[in-house]
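Each structure below appears as structure tokens.
Look for chain A in each of the two complexes below; its partner is chain B in the first and chain C in the second.
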Partner chain A sequence: MKTKHIIAGSLLLALTLAVGFFSGREFLSMRQDDEIFPSSGLTAKKMLSDYFPALKDTAGDTEVFIFDSAAKGGNLLIVGGTHPNEPAGTMTAILLAETIRAAQGKAVIIPWANASGFTHSDPQEGSPQRFFLETPAGRRWFRLGSRVTNPVHQWPDPTIYVNPMGQKLAGIEARNLNRAYPGKATGYLTEKVAFAVMALIQKEGIELGIDLHESAPEYPVINAIVFHENASELAAIAQMELQAEGFEFRLEASPPNLRGLTHREWGDAAGIKAVLLETPNASHGRLKGRPTISLIVDGKDKYYEQAARLGRLFVPYGPDGIPLKLRVARHLAGVRAILASFNELEPDKAIELADMPSPADVQAKGLGPFLK
Partner chain B sequence: MVAVFVLLATVFKLPMGISLALSALAGSLAGGEGIALRHLVEGAFGFFDIILIIASAMIFMKVLQESGILDSLVAAILRAFYKNKILLLLTVMLLIMFPGMITGSSLAAVLSTGPLIAPVLIKLGLPRLKAAAFIAVGAILGMIAPPVNILVMIMGGGVDMPYVGLTLPLLIITVPPAVIIALWLGTKDLRIVSREEMQFLLPASLREKYGFRLYLPLLVVLVLMVLQNFRIGPIPDLGLPAIFFVGSLTGLFCGRRFNFFKATQKAMEEAMPILSILAGVGMFVQVMTLTGGRGWAVMTFLALPPALLYLSIAVSMPLFGGVSAFGSASVLGVPFLLALIEKNALITSSALSAIVGIGDLMPPAAMAARFSAQVVGEKNFFRVLRHCMIPAFLILAMGIGVLLLAPLLDKVI
Partner chain C sequence: MRILYHLIVLYMTIQLVWYLFREKNFWKQASLVLVLVLFLLRLFLIE
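Take a look at the complex of A and B:
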């Protein structure tokens, strides 16, 4: 009997080790960073820890790309990857870093704001770990991460998360970068990342901040510019410009009692003009069918089509879906319109970005041709 | 997947956890995903935190039993409340609800105060199964009641609704059922006893030998649970597993001596079936999502005609809650909240949280029912569920009623 138990136990242990080994290799593959090939307009590459040294050698540290014209103007911050499962935000930031040159003022780009979130996937979402795009140099891969920081890097979650502004949230939100602002130097890793971004805003003299997101098509704040009240005029002018270009954007005021988000705390704590852009992404919605790579890139989903027919969505969703190239094009158009609006309102602090791909071209040709 | 699960669990009589894991594997193969090893492991870790909470709480319960602390606490409660039936029932209901109210988890309520309350109720004449039902339903009401309702927080997170202004709607939904259920379950069977009889019923108390020290483990757990919600200064944010573990270690020095390692082993043996179910449920849900089954299920419910929306809410949310109440709040709660967007979201999310909370009584996980059955020494939790039916329908009716009357309530409150 004892021998039987030993044999059964040994077999189970061997099976567990084998499962751990093979699945572990897949999980660890997410720690390999995506590559980025900045444009020749790059003037400095820093790490987020340069602004808050306590972040150095942690999973929260991430690359910061600076494009400085040396010509007098304003300073812009573009953040992608606050939520690593919202690929249009990250891809827009990468596309900008690989193409632009600052003609006036300065642009600071953070493509993977929650770097830790890119090292794992959300359990029970069944998401692919990465997606692929064809570029002139060949096929490139990009990680699709989780909405929140990797629990390997920040754990355990509290039962209730009280964020730095005192807002009570579900425990898992302690790992959500877009609930952690203005951050905390001695707080959770995610709060330290938020704290470092705030330090960057101060040190680089940022005047305008754009946080690039995506939301599920069933979510009301979608195809939208969410703005801090100090950026209301800026957002309204940008919306008109976008409408003239054929892009429908809603205007959403940042709720004053919803604390910890970029569009609230960047404006309140740092005093900059803060906006957040949302595009519709089926791959992180609750109604999605198979969460495939095609769903991320081509954005077609039969259940979302059905939901649109039933009037359950806040965006039109037809058989052509909402592909990544359209979502990135919308973000590019949003960035361009916001910049134009900012320049109109603050001519002394104008920011001009040259060589930015046009939204129409990205929509027509896809992202690949513009990436290196 | 469902057919394979039923076959394995009923015909082959395999343990639920193993049946769920194997049916997830079958789903992955049938869905053309091969042996989706990464997804199976990732899914199994979906409830890792809850698994740790259960494991640590089971050790805590065992420590309270082995050290004699539990008996002493039961004796103290009996001494305090034996004279007045209504006061006793309402106090006991509040005591059960309390850990759920501060942690937002019915499981924490069942596992922390359940073992204290069950012997009191049983000694005073409440049948064992009814006592378990009392604990299970009380724990669920505690999970829904303010100040902390994680189900609303999850739904609110999906629609950017701050967790503010929910106290009144949540009280409206929980207080009437709590009073009615406590009295309905207890009034008939609970006896008023004389002082002499009460003395006779009292379990052996170690109060005289160890004094106040006996209450320290429970006090430590409750204080740490409350403190972690406020992130006060130097108090570390331990998380529930570590809190239960600290409580267990405190228990080592507060009552009679016992073999801690044997107690731990016994606790893990008892916890293993539910731990494996949770890992299996995680795999099942992940493969369901991977193969598009989850999207199909959600859309099937959302596609019902508007007239059937409330029926669909009443059926689907508790059913999915049988897998995970938190999962149901996220996957179904958010779309339903959006479907009711024209009504006051504070009221509708409160009502939906009450409906989804009933999921903790639903198989296969049936967390509240399963563990309250364990607390009273009942192996078949379905026998406890029989006594939970009417309270569950009352909570469901309350939830649906509040959803229907939301516009009126909006004007009143």
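Take a look at the complex of A and C:
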């Protein structure tokens, strides 16, 4: 009788170890990188640490894909995965890396900008760790990460985060790549990643930078082109082209006092034309129901439908939801229109990307047929 | 900083295991292991 609680304790401890083992294995599986199969137009594959060696062998290092035409033209940077819980940004970057060829100028693509953020998911959200797409070669998986760097890689958060531009933010923002620009060589891991991106911009002679994001349907900056003031004309022309194509985009000027973001610091610190694109993603909104793989891919949610009926959203949201293929199509249309606008304004630095899937095709057929 | 974190988590984990075997009420033992799983994951830096 005396040993009854010892036996119970031993059994419970064994159960704990079993649960710890299996759940630990699940969590650790997120540290396995997604696969990517670049197009034949790829001319060089580098790592972000090639531009800032202090990142080597850290969780912040990530792959950089370069498509160089060798023909005189401008240099473009496309960044996905700044926020790893915004899959349309990452998927657009992957789709471009697997399809394009540079016909003029050079394109540099970073699909997983915050690589550490892809190794975990947001706590207490119950988000799926990955989603799946059918491709001609079979079923492929892609990780859905967290908005911020993994605390295992950057810890602890300060009470108040003072970013490299001196802006005071909540402590968790120390792990938000889109608050860490222009970065800091001796700072937090996230600041080092931002610093490396700035070094890449300088070394590759980037003139136009596009950062691909998503936002919640109840957030006002949505279906938008957020632009640095040096890209205002470019953004306005792109918006007109997009409207002519049937894509509604609003223009949002980058607030000069909101520091540390790509559309602000790429323009201020590097002097490039910087824009950020936003599409609506119900899977990371606050009004969503159960977060499922289907919500990420199909984008249907009855609570968002109800919110739309009540006029609480900043985008139309019907029974068909806002699927990933539409969000990626919007990003592709945005990239194409921005490039066309850039080429019109800077004909001597034109950038031409060949073999880019058309937004209409992606919207009609989905992403799968265009991936390898 | 990481060593300090490990030491704190290890100390708490040992305390939890110690109390697991001292506690005589089964339901309190069961409640305790719910917390212990999280501490074990933290101990191995699994997020």
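By definition in this document, the second predicted complex is superposed on the first by the 358 of 372 C-alpha atoms of A that agree within 3 Å, B and C clash if a C-alpha of one lies under 4 Å from a C-alpha of the other, contacts with A are read in each partner's own complex, and residues count from 1 in each chain.
Keep this in mind: contacts are C-beta pairs under 8 Å (C-beta built on N, C-alpha and C of every residue); 3 or more make two chains touch, one makes a residue touch a chain.
Remember, it's a predicted structure, so these values are computed and weren't measured experimentally.
Of the two partners chain B and chain C, it is B that touches the larger number of chain A residues. Applying the stated contact rule after C-alpha superposition, one finds that A:Asn150 touches chain C and leaves chain B untouched.
In the superposition on chain A, contact is made by A:Pro158 with chain B only, not with chain C. Contacts of A:Gly9 after superposition: chain C is touched, whereas chain B is not reached. By the document's definition of touching, neither partner reaches A:Ser358: not chain B, not chain C. By the touch criterion defined above, A:Tyr303 reaches chain B but does not reach chain C.
Of the two partner chains, both chain B and chain C are touched by A:Phe27. When the two structures are aligned on the shared chain, A:Leu17 is found in touch with chain C, with no touch to chain B.
Judged by the touch definition given at the top, the superposed model places A:Gln243 against neither chain B nor chain C.
Shared contact residues of chain A, touching chain B in one structure and chain C in the other: 19-20, 23, 27, 156. Only residues 19-20, 22-23, 26-27, 121, 123-126, 129, 156-160, 162, 167-171, 173, 218-221, 255, 257-259, 286-291, 301, 303, 306-307, 310, 312 of chain A touch chain B when the two sit together in their complex. Chain A makes touch with chain C in their complex at residues 5-6, 8-9, 12-13, 15-17, 19-20, 23-24, 27-28, 119-120, 150-152, 155-156.
Looking at the complex, you find that chain C touches chain A at residues 1-2, 5, 17, 20-21, 23-24, 26, 29-30, 32-33, 36-37, 40-41, 44-47.
Looking at the complex, you find that chain B touches chain A at residues 37-43, 45-46, 49, 52, 103-105, 148, 150, 153-154, 157-160, 162-164, 225, 228-231, 237-242, 282, 285-287, 289-292, 295-296, 298-299, 302-303, 327, 330-332, 334-335, 338-339, 341.
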